[in-house]
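So that you can tell them apart, the chains are marked A, B, C, D and E in the order they are listed, and the count of residues begins at 1 in each.
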Amino acid sequence: MPADAIVQVRGVGKSYDGGVEALREVNLELPTGRLSTLLGPSGCGKTTLLKIIAGLIAPTGGEVWVKGKKVEGPGPERAFVFQDFALLPWANVLRNVAFGLELRGLAWEERAKIARDYIGRVGLKGFEASYPHQLSGGMRQRVGLARALAVDADILLMDEPFSSVDEQTRRKFQEDLLALLQVERKTVIFVTHSIEEAAYLSDQIVLLSPRPGTVSRIIRPDIERGGTSPDEIRRDKNYLDVVDEIWQILKRYVD
Amino acid sequence: AQQRTKIRYALGDVVSIDELPLLIAAERAKARGVDVEITAFKSEDVATQAVINGQADIGQGTPYAALQKVGAPIRFFYQLSALLFFPIVNKEFYKSWKDLDGQEIAVHTRGSGTEAIMNLAAKEHKIKYKNVSYVPGSQVRALALLKGNIKATILDASNKNMVMKEQPDKFLILPLGNVKASDEALFATREFLDKKQAGVRIFLEELTKVNRAINANPNWVLEERKKLGLLKDLPAKLEGEILPFYREAVQNGVFPNDGGGDSAAKNDLEFFRLSGALKGENLKVEDFWHLAPLKAALANVK
Amino acid sequence: MNRKEPILKRSLVWQLISFALFFGLWELAGRWPVSLAFPSFSKTFLALVRITADGSLPKAYLVTLQPLLIGIALCGIAGIGFGIGMGLSRAIEWASLPLFIILQAAPMAAIIPLITYIYGIGLTAKVLAVVFLAAPVVVMNSYKGIRNTNPSLIQMCRSFLGTRRQEVIKIILPHAGALIFAGLRLGLAMGFIGVVIAELLITPTGIGDLITYHSSVADYPEMFATIVSIIVIAALAIHGLERLEQKIFPPEIRGS
Amino acid sequence: MNRKEPILKRSLVWQLISFALFFGLWELAGRWPVSLAFPSFSKTFLALVRITADGSLPKAYLVTLQPLLIGIALCGIAGIGFGIGMGLSRAIEWASLPLFIILQAAPMAAIIPLITYIYGIGLTAKVLAVVFLAAPVVVMNSYKGIRNTNPSLIQMCRSFLGTRRQEVIKIILPHAGALIFAGLRLGLAMGFIGVVIAELLITPTGIGDLITYHSSVADYPEMFATIVSIIVIAALAIHGLERLEQKIFPPEIRGS
Amino acid sequence: MPADAIVQVRGVGKSYDGGVEALREVNLELPTGRLSTLLGPSGCGKTTLLKIIAGLIAPTGGEVWVKGKKVEGPGPERAFVFQDFALLPWANVLRNVAFGLELRGLAWEERAKIARDYIGRVGLKGFEASYPHQLSGGMRQRVGLARALAVDADILLMDEPFSSVDEQTRRKFQEDLLALLQVERKTVIFVTHSIEEAAYLSDQIVLLSPRPGTVSRIIRPDIERGGTSPDEIRRDKNYLDVVDEIWQILKRYVD
């Protein structure tokens, strides 16, 4: 797979000011057009790694290459979906979704048009004029997703995007996300705590060890998606095996 | 036509009936081309401050200590009125000066004329106070006296009258030897006095004429106030106090006919040295007073 | 949270009861009487009507409000500007934060008598009294507003390639709006104190003149009425601003 | 959150720079001179040493701190008690909350000149000045402390069969501790303002006497030194209390 | 099962002051010594129902009977485990665990002894002197559990006890809880959002409909627990069927 790796993480390490070593010697290749998951115990450096890839944090060692260029900061080919949504509380849904385009200097007309399109695609039609506080957690999450989609980046970096919605809504989202990616053909890097979520969504699962985080295992669940309904996937033997395998590894990390 | 002169006058008190002579003189000076613009400040300190900083031309009061310390050449040049204060005690507790030995008294502020008077009296009667507390404002002390918060203090004429009227049988006024020091004097920078000689002269002439008229007939104040329409919104209660106040003041020689001059200066130096406001021996009149403007004015009103 | 609502709703009746109780006690104390110079509520109220009707109170307010408004406007421009500067620039922050922390805790009212010694006795001195009292809280609130911007929003802005300029204009300033406004409100509260003390301690003009004058001629009801009026007006103004603040910046859109 | 730490650590150096800057400007302004009556920093500092050494400043503080401490102690007992009462009883709350909301926003300093007319000029009057200024914030903070008790903790207590008494003693009061303490600290800050203004507007004793006296005899450096000393002492006391507060009630154990 | 129902909910309804009708006509029997789960979409009234059973909220209609007595308030036979832990922030673990006993007036010696015992059982030995803010979410949750166990109530009412810990810790807890109940023989009423959790833990699952909440279905997953390892249960056909069945019902409620 190295040939079509859109993101390459080479020997990345990160120590925070306080002396905390969050990551050590992480090597990773993330294939184009696929969904990769970072999974690991709390505090193992998942968010840190994702932000390093995003160019929001500088690593203290190693480097990240995206599309053959070394990462020095955020870039237009990467878009971040924040765990806490990071919506402007004083702006309505339309402006929030269009915010990435606003920063790029697009004219109002143009960016509103694009934003409306993506608001429709994430199923928020009719809520353009609502403010974040008027939306449920799940709807806010979708605003964040639409904002990231609107800038049409090739790579979506998602930090536990479904962690603040309830289990049932989460399942719904997972299905929506898979459907959306079917159409959009993006590369997605996804951080999660949930073994089921990782196994269900991913083409590639990167298991990180506890702090300092290193890659302890890479799993490629070869689950048959074409045609099978989500409910069938959840009973798929491959799927259950992957879940089990991961749980056996992670179990050791839990106190 | 004559050019008009403006004088900014800083008063360290609210304008009330005691300031009537000043107000009358200011009106009359106006007729002669000198505009005296009176601003009332919270306290004598702030008024003095205004003169030092050049925001006012003439100040009123007796800031001898400030004069001695500040580098700027500021001089007194006219005595507006002499001290007239009344030591007053609660009859239940004290009957004479002797009874105040070892007792607590209240005066205006530290280093003020009121404190000096009480200290001089103590010296004269060979007594010693236990404690001197400072309660600024005759009116405040009068109220405190009526309420029983203080038992011995010193008041100005109008407040003494108020107290005696309110509860005549409760209080006693203690006798006081003659004190001739200034209660209110005028001061300004030498620079101003030299530059605005004509204006100052006219103002002083009018002040002197007013004092003389009052001394001749206290009732004149009332007539003049009516004629000029001064202090129009004075409450009726206070209006009734005007005549007694001026009668008493005239009887006690409060308003000098000659602006005090050299003798006032000497009295002041002696009095304020005793009171502790002025430091040092051999104080010279010319270091504190500038007598030329007064002389020029007196020459005209002879 | 939920408890606030019913209180505000039932408040009209209870406010009336609360104030009736207070005024009743005052009336009693005045009639007893506590002191010769302590007027009852009814007398004070009549005096208030009197001085309002004869125009002396409104005229006094015109004079008093001048330094207050100028001072607050100055704080609004320079104070907020400086606070924002402190929030955005480490150098300014480090050079001035310790001083402002001290100033905010200090009884700045004590400085008012000093002002005359530097700025004299005119309007400037009173404006300065307002500024000295109001500035620390205005500056500190603006600073905190800037500093407390949700870091996640800033990262979001950077991740979408926002420039530093865009970050300040589109994220930091709107985010700090509520705290800055609150700072201005608290500044106004301090400014009221400043202007009243200045008028009592420096030159009695406006309200201060009314108070001093009525006190000197022993019109105690008028004097009380004047003071009560400024307390009530200030309290209502501040309270009104607080409500306005909650309207413009409801907690929901403030972000965390 | 994390930003606070480094500032506090590097603060010693920066505090020195910050104050050096301030004092330097003052020195320049004093030497220029802005006004004949405006002493430079060095003169003021020497005067401070002088009046400290001759004992007049310490003695003045002994006098000034008396009404302050009595007033704060009164607020500490009655104010906190009343605030707690307001928090626990609907009736008290409704009858007094509107009044206290107004009082908290009001420039209570304006009331000080009135105190003389009721309570004369002695210690009582000054204690009252402190109480009037400090009480609203003490009462309101105690009230808020009680009212903001985490409802989930109260339900917990009830679910384990706690009585109302246990609820108050074991949950509500410990929970309100931090806010009550903060109220006392803010009250002390107001009390400083109150006592200084009272000493300037009522009878000059203690610090007020030093200020008035030195001003009347034109010892401007001494006067400035006195005022600066009270500002600094108050600021340090309040700031120190704030630190103590963060020690006793670190945010972690406050609950939400 | 009615015969040995320890809790009976009879026609309970609840309308809040604001006019929100949270529950309507809920009828329910909860069997002694079993774990029952309340499951339903967000806002359907699960917490409300649990608190009514606990006697913390009065219903506006109907009544609750516990052990043959009508509920008028909290009682010694019921203990609540709070979703937000509800620990005293200013008290250490020992005092927190002993707090229920402290309220009942037990002497210090005695209650410390009992509390130490339960602290050990939930695996917090050594943390007696720690304060809540020094513990992880999972450890705090266990303090809340130990406190509820310490008063030795017959019925444990648990409101989403594992919602604030990460997925992996959560799995661990579920296993711990089952092991604990094996020993303690309590009746547990458990609120959750998680279908897997409900299916994995419960003897009886009560599905609530969206607001106003009513019982829409009761499912008794007949999962064989004796001897089978947790990981086997997760592949059990019965288990997967139950998960599926619930998901099909709840799916309809998700926006």
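Note that in this section a contact is a pair of C-beta atoms (placed from the backbone, for glycine too) under 8 Å apart; a residue touches a chain by one contact, two chains touch by 3 or more.
These figures come from a predicted structure and were not determined experimentally.
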item: Set of chains whose contacts include both chain E and chain B; value: D
item: Chain pair that, of all pairs, has the most C-beta pairs in contact; value: C-D
item: Distance from the mean Cα position of chain E to that of chain A, given in whole angstrom; value: 33
item: Chain centre separation (chain C, chain E; CA means) in Å; value: 51
item: Centroid spacing, where centroids are CA-atom means, of chain D and chain E in whole angstrom; value: 48
item: Between chain B and chain D, centroid-to-centroid distance (C-alpha), Å; value: 39
item: Residue numbers of chain A (touch at least two other chains); value: none
item: Multi-partner residues of chain D (each touching 2 or more other chains); value: 35, 37, 117, 120, 215
item: Where chain B touches two or more other chains at once, by residue number; value: 49, 53, 143, 147
item: Pairwise chain contacts, counting only pairs that touch as defined; value: A-C, A-E, B-C, B-D, C-D, D-E
item: List of chain B residues in touch with chain C within their complex; value: 14, 16, 39-42, 46, 49-50, 53, 55-56, 139, 143, 146-147, 166, 234-235, 237-238
item: Touching residues (chain side chain C, partner chain D) in the complex; value: 3, 7, 10-11, 14-15, 17-19, 21-22, 34-35, 37-38, 93-99, 101-103, 105-111, 113-114, 117-118, 120, 147, 189, 192-193, 196-197, 200-201, 211, 215, 220, 223-224, 227, 230-232, 234-236, 238-239, 242
item: Interface residues, chain B side, partner chain D - complex; value: 44-45, 48-49, 52-53, 63, 65-72, 109-112, 133-136, 140, 143-144, 147, 149-150, 277
item: Complex contacts: residues of chain D adjacent to chain B; value: 35-37, 116-117, 120-122, 203-205, 209, 212-213, 215-219
item: Complex interface listing, chain D residues touching chain E; value: 150, 152-153, 155-163, 166, 170-171, 174-175, 177, 252-255
